[in-house]
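For reference, chains read A, B, C and D in written order, and residue numbers begin at 1 within each chain.
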Amino acid sequence: MATPFRYRRQVQFAETDAAGLTHFSCYFKFMEEAEHALWREAGMSIWAPASGVGFPRVSATCEFLAPLHFEDEFDVLVRIETMARRSIRYACEIVRGETRIATGSMTAVCVSKGADGMRAVEIPAEIVQRLSAMSDQ
Amino acid sequence: MATPFRYRRQVQFAETDAAGLTHFSCYFKFMEEAEHALWREAGMSIWAPASGVGFPRVSATCEFLAPLHFEDEFDVLVRIETMARRSIRYACEIVRGETRIATGSMTAVCVSKGADGMRAVEIPAEIVQRLSAMSDQ
Amino acid sequence: MATPFRYRRQVQFAETDAAGLTHFSCYFKFMEEAEHALWREAGMSIWAPASGVGFPRVSATCEFLAPLHFEDEFDVLVRIETMARRSIRYACEIVRGETRIATGSMTAVCVSKGADGMRAVEIPAEIVQRLSAMSDQ
Amino acid sequence: MATPFRYRRQVQFAETDAAGLTHFSCYFKFMEEAEHALWREAGMSIWAPASGVGFPRVSATCEFLAPLHFEDEFDVLVRIETMARRSIRYACEIVRGETRIATGSMTAVCVSKGADGMRAVEIPAEIVQRLSAMSDQ
């Protein structure tokens, strides 16, 4: 994925904490929002009722480099780092203008949504195709 | 319900905001947590997979009388104000020691969880019985 | 305020709950986000570090009319219903296309941010002016 | 820290998502709540108004091994992995009974809360002492 997908966002008051900063757990929400926006850009919903699969996280990391304050505008740059048969690893960077705010990663695994609970399955071909098309841009 | 059900809680850091106070949206989570603890006390889960019904809110109100800060311990006093055929109205009071923090209310309606979407239905007899037993204490 | 201020938003996955709907506490965040966007439109930040005042909520209500699902796009229509000497009451309506999703209200009181704790004070003249200018549009 | 500190918690409805699972961002809140409970056990508040220091996160990671559902009771086991001059690294494990739910880590850095912004400083001696006393138990 030559060029990462860019998701624009602004810090909301409910996302700040008593230290006056954006609570660190919100960065993970920001990365997930960017992932879902990337899927929409690829013409899909990551959580489609009709779809038989879901993509729960198996791993998430974040390094916090600089704080975000109320009403700060920032971008989440997300790109697919690796797409395996059953999982996708995203690399993320959060920036506010020229300032690097955070770097992070998420790995999501493809699971069937059957009544028998979740079970890791291969990523459906159409999803691979559409996400790959995004990555080649 | 002569004596309201008491749910003890402590303010977490993620629930504070840049003003140094507990964000007002959290009070609604506190009231819902107390409602669910009341159901557990009555021997039930409000969101049981096997159950055919759910209880989404149709109304919620809160008056904020005094602030809550990080690590403040408080109680949510919840009681069933009225139980109609298809809905339940809860009255809540949040107190920290002798200090009244907030008063609020929630009205939840009983809906079937069918594939055809939500539809208001009568509250199942067993639920009425168990909640009434709580109310008579 | 002849025409309410319109704030566009999309439901994020973290805002849904196990019932598949947007959690009711999020509606209060949506209304607050719209309020803050209204202030920005009026050329102000509701939480400016240099400002001596803040606007905590003293009351909030919401009637939930129809559900919101993941990725639903909706608008929060917010207008200043009354501006008293020390408080502002907002009336809100949440709509998804032609469908009314919710109606609600918030009352915020102007407080000084002094070291002696919060104390209700008159809304500074410039704030009254700028918000009134919005209301006259 | 021979024996990790144990923090008991229950999944709240607002913490679930449309997949019926606890949203992954909540795991980071759970780990932070356990950290703060550990500090209280050591006789301190991690965010004391009178204290001149704070402990923002510079890194957080989590591996998600098994899902948590609504009302699941679980424990967060937290221990101080390393205490450097200016930072503390916590190792966490989330378990539900015998089932490992997640493992994670957080690194917090000690900063002065001066008006000139945050600046990394040495952890005050009393904090080192009290946390070390916990670790020796």
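Note that a residue touches a chain if its C-beta (ideal position, glycine included) is under 8 Å from a C-beta of that chain, and two chains touch if they have at least 3 such contacts.
The model shown is predicted, which means the values in this text are computed figures rather than measured ones.
Annotation: A-C is the more contact-rich of the chain pairs A-C and A-B, by number of C-beta pairs in contact.
Averaging Cα atoms per chain gives one point for each, and the point farthest from that of chain C is the centre of D. The mean-CA centres of chain A and chain B are about 33 angstrom from one another, to the nearest whole unit. Look at where the CA atoms of chain A average out and do the same for chain D: the two points lie 23 Å apart.
Measuring from the averaged C-alpha position of chain A to that of chain C gives a distance of 28 Å. Among the residues of chain D, those in touch with two or more other chains are 13-14, 18, 21, 25, 29, 32, 47, 70.
Interface residues of chain D, counted against chain C in their complex, comprise 13-14, 16-18, 20-21, 23, 25, 69-70.
Per the touch definition, chain C reaches chain B in the complex via residues 18-19, 21, 24-26, 28-29, 32, 47, 54, 56-65, 67, 118.
Within the complex, the chain A residues that touch chain C are 12-14, 29, 32-33, 36, 40, 45-47, 70-71.
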